[in-house]
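Given below, in the form of structure tokens, are the structures.
Next, two complexes with subunit A in common: one pairs it with subunit B, the other with subunit C.
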Partner chain A sequence: MNKELQLEITTKGEVAVGSIKGDLTAVNGGSIEEAYRGMTREGVRKILFLFSKECYINSGGIAILIGIASASRKNGQAIRIAGLSDHFRKIFHMMGLTKYVAIFPTEEEALKDF
Partner chain B sequence: MERSINQSTENAAFAESELEKRLYRLKTLFDASQELGGFRDARDILDNLLLNAIGGFGAAKGFVFLADSQAGEVKTILHRGFDEDPGPRLGDFLSAGKFKGFFDTGSPPDPLLLSSFGVFLLKPLSVSEEVKGAIGLGERITGEPYTDEDMELLGTLASHGESRVRNVRLLQQLEKRVFHLRTLYDLSQEVVFLKEPREILRALLMTVMGTFGTVSGVSVLADVAKGKIEVLEWRGMGETSMSGEGAGFGRDYLEVLGGVSRPIFLAGAVDPAGNGDGGASRSLASVGLNAWIPFRVSESLRGGIGLGEKLSGEPYAVDDGELLATLAAQGAVAIQNAKLLERMKREEVARVNFSRYLSPQIVEKIVRHDVEVNLGGDRKVVTILFSDIRNFTTITENRPPGQLVHILNEYFTVMAQIIFEHQGSLDKYIGDAIVAVFGSLVPVENPAKNAVAAAVAMMRRLPELNRHWETRYAFYMNIGIGVNTGEVFLGNIGSPERMEFTVIGDVVNVASRFSGLAKPGQVLVTKETRGLLGPDVRIRAHPPASVKGKTGKLEVFEIVYTQAAM
Partner chain C sequence: MRADPDKKIELHIPSVSGAEKVAMERAAEVARRMGFSDDRIEDLKTAVSEACINAMEHGNKMDANTKVGVTLTVTEKNLQVDVRDQGKGVGEVATPDIDEKMAGKEQARGWGIFLIRGLMDEVQFGSAPEGGSMVRMIIHLDR
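The block that comes next holds the complex of A and B.
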């Protein structure tokens, strides 16, 4: 739990793709929230968060994603998550996050779903 | 005879067919048990179980479901073929609540009732005390009735499914527990680096919300003795209910939740009258919180974490309470440490600041709050001691600067010590002069008496210093001291970068003038100081004298002292 969080935003058609590497925790997850707010201000309607397989996400990080997913519903945005390891897909499912946001194994599958 | 042979052949064919059917079903059972082992998700297991049952028995349709047996609420349901059925739908069967009695008594529902819903073979499933369900099959495609052996086979198949679902649930619980333990570890690692209670409360709130999968939550820290909210952090809460310090939730916390010492988990309707827990449940429910975990940092510093509903829809369980209490306790320790660090920093600043004016012993007492200090910004009656070296310029000319600095440092150190011993504070050094204040920072009963006693002690100590300097540097000095008492303005004065605790007022100027009037070895005091000295202090009146900045003459009194201690 010591890897720096790296976030790179690219666009694929109408979809803003936030590629995430490193550890997502409550302490360092502010940049993802800030990026989401920025995308919202710019009027982005479709967002994909693409995690690298070696990403580590702790409870604080999950709380950040829940917050973003919750806000996206209010803002009328579509959010997808892809690239998670099996472990975190299971954790997201257990936490009920899958009720708020659809999760896909790969970027391609997620992009197709928009 | 021919008829008998035919009959025998038919019987043999039938027996063979039956045997094949049994073999096929046993093979189905074997295949299902093999396949079920490969699934890691309860839904996949149930789906495979249903497919094997439909295929194995040649049923036209089938369903499987799991329900919360206590609440009678269906949690998972899978079905094949029922949607196309024009007759009573599966939902009607389940919503009729008939399966609830099936769980309670263990006796199968009335076959007529079942068949009216299109169900001809039903086997209960029991994953745990709470999670129960059933697998049901419609008519066979061939129209053949189900036999007792079919029921037995379906039972065996179902028990495979039950056991697999149970294992998967255990594995999930284990994974959840590992995730929770990892959360505890992560939190302990994260909060170590956080120094501000607000940062700690935020990290704690985020961790707890992520651990339990909630959209809304709040964490609060308050000084209940002062009735003041110190930190209030929230996420996903309605802005109106959390509208800042002293309002909304903050007020509720101070009035109700601050006194709660055990976790509260809301389940079902909350008594609007707030009976039972002093209104705590009602307060939580009013802001959409379902759980409350209090923590205690110190006697007066209390806090709590409130959580909204879980995204998963599951209620908070006893296990959750244990984890939440552990997380909250960890947060409380982190806040304790941060507060301790904050106090240590504050004490260090106080130590550094006060040690410029006061004795180390008094500084320690102030830092430990054994002595209350008056950091002022107000007016107060104090006594000023002004000490000056006579003919300083003359006696120091032609002396090497290094030697002079050494002598002055020795002189100031000894004199400051004497001032401190008499509960005085060192206001400043002005060149070779010392300005000391009595009764400002640390309250003393009679500041005039302390100041005069300090002045006499300084005079008595000087000969010893002179002997030392004469031997070492062929140097000696004389001092004169003026003491005055009156009202001054005292406080921290200066720019934010450089603040100094000092006194301002005419009283200081007069003390300085009296010091100027004093001959070597004399301690001169004003009428105001003299009036505060008791009969044990010997006084000699001098003729009134004019001093710069004052109209008219001022009465002058000399303190008579012997060189030996009084």
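The block that comes next holds the complex of A and C.
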């Protein structure tokens, strides 16, 4: 009943952009963790997670992002998030994740911030 | 003037990952018909989803033979959503702390009740009449 998570990685200058569609949950979010580990092995220092506004994200999915954000601090990487709906921007703010990961309305604004 | 009798809608969803979306969408549909704003409907969707996930994972231990009961009760001014499991619920949980989670001192998960409390107007935890645990969430139409 979960929609498949679709993740496409592209590069914009020094930034790896992970475009995310579908459902981000604890059950199907493993591909994002795997992609992050791959980027880390390749020495990527700047990562943008670009969400589709239609994404369904639950707290298990957000926990995956928290784990990646935590690891990125240890690995000296900068992470930004963009494209979230207003609702999920509010949720991320409520949880305090915005203390650690900057969130932008659009890809362009996030790329400018790196 | 006497309000119309409460209207109830009953759902029973399996304890299978993703099934929470059935309850979430049904609650959203009812809230839309009642006239809730889009942002409040999004709040409701997240709260219902998290309550169902807690019921599946903590109450029903993801046993696919168990069900999560969801009752939507429509009144003149509120939508009440009761979510019931067949076990012991999630129990008391500490308020999650993003700093501790980022430092790796707490598990990254454990946000469900925090979100439910933050998004709904009234939240009560207790026992379901037929056994098991129940969370009752109420969202006010006039907020």
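What we mean here is this: the second predicted complex is superposed on the first by the 113 of 114 C-alpha atoms of A that agree within 3 Å, B and C clash if a C-alpha of one lies under 4 Å from a C-alpha of the other, contacts with A are read in each partner's own complex, and residues count from 1 in each chain.
We take it that a contact is a pair of C-beta atoms (placed from the backbone, for glycine too) under 8 Å apart; a residue touches a chain by one contact, two chains touch by 3 or more.
Not measured: the values here are computed from a predicted model.
After superposition on subunit A, the partners subunit B and subunit C are seen to clash.
In the superposition on chain A, no contact is made by A:Ser31 with either subunit B or subunit C.
Once the two complexes are laid over each other on the shared chain, residue contacts for A:Ser19 go to neither subunit B nor subunit C.
In the superposed pair of complexes, A:Ile62 makes contact with subunit B and with subunit C alike.
Of the two partner chains placed by superposition, A:Asn75 touches none, neither subunit B nor subunit C. Look at A:Thr40: by the touch rule set out above, it reaches neither subunit B nor subunit C. In the superposition on chain A, A:Met95 makes contact with both subunit B and subunit C. Within subunit A, the residues touching subunit B in one complex and subunit C in the other are 1, 25-27, 58-60, 62-64, 66-67, 70, 87, 91, 94-97, 99-100. Here subunit C touches subunit A in the complex through residues 16-22, 39, 42-43, 46, 49-50, 53, 96, 98-99, 101-104, 107-112, 114-115, 118, going by the rule given at the top. Every residue of subunit B that touches subunit A in the complex is listed here, in rising order: 172, 175-176, 179, 182-183, 186-187, 189-190, 193-194, 202-203, 205-215, 235-236, 310-313. Residues 1, 25-27, 29, 58-64, 66-67, 70, 87, 90-91, 94-97, 99-100 of subunit A are the ones that touch subunit B when the two sit in their complex. Interface of subunit A with subunit C (complex): residues 1-2, 23, 25-27, 56, 58-60, 62-64, 66-67, 69-70, 73, 85-87, 91, 94-97, 99-100.
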